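One structure below.
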């Protein structure tokens, strides 16, 4: 039983004495201010990195096998990576809710879910667009594709869950637990490419898997990956601010109604 | 055995509903919690049972050994009779009561027959619970307190739906429980007739959390 | 307008629960139905609303035109407030009341604001219904009777869960309804304070169907 | 009646967001199939329309569980049947609202799932058309089952069990029409018209049966 | 605990008879397939085990909706968590009871449905063995979802949506093992053991998660 409410003597929330950055972040007002200052910089960096990445990407030579479609890679691969990274961020946030009881962890989890779903959808769509010319079909049920689809399902399930419980405070724990359970899917996506594939993954995929990727492809890819990561953090901070504001509005409404 | 609350507070949906409530009840004591609708009686009672977290303060059931200051542990010595009756419509009255007796694991309660006699419903034992009228259902729910023996009764409007004769029966049962060394805490709008009961008058609060505290609402 | 019952009987689960009840209520009359738990008050009230079939006797709501002797038709002129509150937890109080007002299709009721004022809950209009305490929920349910105007109110333990002040408010509302030419029929354990109300004391029956009669039990 | 429609939709969209949930269930069921049947795209493409139909069928059935049960539990059913509206119209409106929030999204989501199951664009269009014509029938018939189940504590599966045998004709003509659109000798129009007729028929019979069942909502 | 087990089973067998319902739903789903896919017996025989598994999966998921919701509604949840039993044990017993009345009958009914789908006797035996090993995992994982959904008015579909992605491994290994028994080069033992491991794993993790979720059953 704990009561991190108000300044009651038995409060077990974040100790007041140690004013580390972590503790200070626990205060949403300070977080709002900090995020407000960070977002423009992050957004600017995202734009710069994105512009460089796109330039490098489009000036890259056509692949002798894949032709122009190789350019899809510069969107596809970063968004696939981000889809997984976003889920990892959510899982850490879930730990933050359950173990460290950080007040912003739940806000971060909720804010990340739609972004993750969007990146996953982007990876699915770009993958499909790439698959049509490469494999002759939009979709195959191989391990990697399917596990990404399941990741998408889990994202949607989490969003449905967070919508289903009206009070965000009550939704926090279930959300965190389901998020953690769903994390098993991430290593599955990453490692067990041949865990369940009766239809073979074409060589064109694993060809790039080895570090033999030519520098003309590697650098634009890495730049785009950096741009996507920055984009993620920008969106995440923005969404967290929105979430905090939404909760404040909710409280204000309740206050108004309660008097 | 003593049941003590030391300035406890409870929040509900971003609002402080119970603020700084303290009491200390010894064996044989009774406490009636009164107050207008929405004053926070049910909230307080749920918090006493560990069903809602405390926002501040401590609870203690002295004399039950380990875990006497953790509601999540000592609540196994409490009986909570909430607004719902906790009975399955599909089972007969006897099956329902037998389940709660066996499951609660405490011995020394009344026999089911005796308990039903005490609420003057000896003839319904084998009826499906769903066949009973509102007040009869409530009286069966009261039998749950009798068939398994626990020292503290926490009852939320126990006599709602009861006719006046049954209400008096219930008062008698409470007095008997107190005389037996038990403790009764009852939220009620109607006087329960518990004689020397302490009274706790709840007042509706209008304290909202300020600033950003709401991030740690009730489940934090 | 008159509401008349001519020696009606009602069965429940193979048992005769209401036997030969008659009354005749004119405009401005009130009837309180009393009796011990299980005496058949709720059963009688549901039968008056056409929610349970009559086993014998006739009901008549004289003066409402066609269908005045068929409960399945004239019940649209009745308000029934049962043990449940008929509100959706997910919607706000205002949405709930607005729905019942619009759907009941009868005009001339109070505005929602005025109705909530009448039960002294003006501030909860925009709260989700699920946020209210037991008694507040019941008071909102009472508002349903106010926002759409119907001549006859049939209320089953309307004040259960209400604090004493709110109970008085409700008595006042009933008196106002009667003064306005309405009819109130209330099943209750507590005196409602309706002044010159008629009283119907129900007695628990122990009549079981004999032989083959149970083939035309309650749903016959 | 407008009040009822808007209440139903608001309740559905607010608590537990029924709309989203049905689509997600549909997606989840469709995803499960290739795991069970095997990922052979040709085979999947051949039975794809069937999988889509079964998924939509189950998704629209399973959302029905509390159409009337919730009304009964919170006491609103008594008040609903006491209003001066014909009960059948009330039920029709409830069905309509339910279809709008749970049937329609299924149809809109079909193209996505169709691509994943390797169904051709023509096949997807045919599935969408037949679903649009057929799912209302499922809702109507299911409503009657939901009325029966409303008095039971665990009605969800009962509804499915009661409804599934009755909606098999809908399924058959839905799939026949889809195949008609896809494979040349088979006709599309005839089974499609039958499907429409079934829906109209169910639209009368389902609410009628449901209203009979709810009329004396005696307990 | 014995008291809880017997109460659970009696409630399930009495009200709405959950057991029968699950089997009937299973039957209905299995029956729908030949209508949807076409009655080609060879094809049916080939994907028969898959159909059986999907039917069993859905049937065991969909019965879960009121595992905790009903306890919450009638106030029994409060009293349950206040007893001196570890909450995880309570949940385990509830899962066990649920499996006994809804999972076990599915397995016992499998031979019948297997014959209807033209599955070979060996295939039927394999499906029964894998279902026996796998369906408890579905119940355990579903219980966690049921705990989440217990506070919601329409939790049924949410449970399925949350559970389906997580039980896909169970389905995969169940079907792999079945195929292993049927087609020679593939192994049976290895996937079957993995299936058992999954069930044990779920038997710890599911109730744990569910108990975390129910611990403060605050409303």
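Letters A, B, C, D and E mark the chains as written, and numbering starts fresh at 1 in each.
In this section, a residue touches a chain if its C-beta (ideal position, glycine included) is under 8 Å from a C-beta of that chain, and two chains touch if they have at least 3 such contacts.
What you see is a predicted model; the values in this text were computed from it and never measured.
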Homomeric contact subunit B-subunit C: same or different residue positions, threshold half: same
Chain pair bearing the highest count of C-beta contacts: D-E
Gap in Å, rounded to a whole number, between the CA centres of subunit E and subunit A: 32
Rounded Å distance, subunit A centre to subunit C centre (Cα mean): 55
Centre distance in Å when subunit C and subunit D are each reduced to the mean of their C-alpha atoms: 37
Of all residues in subunit C, the ones touching two or more other chains: 83, 89-90
Touching two or more other chains - residues of subunit E: 15, 73, 152-153, 158, 161, 164-165, 168, 172, 218
Multi-chain contact residues (two or more partners), subunit A: 150, 153, 156-157, 160, 164, 166, 170, 173, 196, 254, 258-259
Subunit D residues touching subunit A - in the complex, by the definition given at the top: 14-17, 20-21, 24, 27-28, 31, 34-35, 38-41, 44, 115-116, 118
Touch list for subunit A against partner subunit D, complex: 128, 137-142, 146, 149-150, 153, 156-157, 159-160, 163-164, 166, 196-199
In the complex with subunit B, residue positions of subunit E that touch it: 1-4, 6-7, 10-11, 14-15, 73-76, 78-85, 215-218
Partner subunit D, residues of subunit C touching it in the complex: 46, 49-53, 72, 75-76, 78, 80, 82-91, 95, 98-100, 102-105, 144, 218-219
Complex contacts: residues of subunit C adjacent to subunit A: 90, 123-128
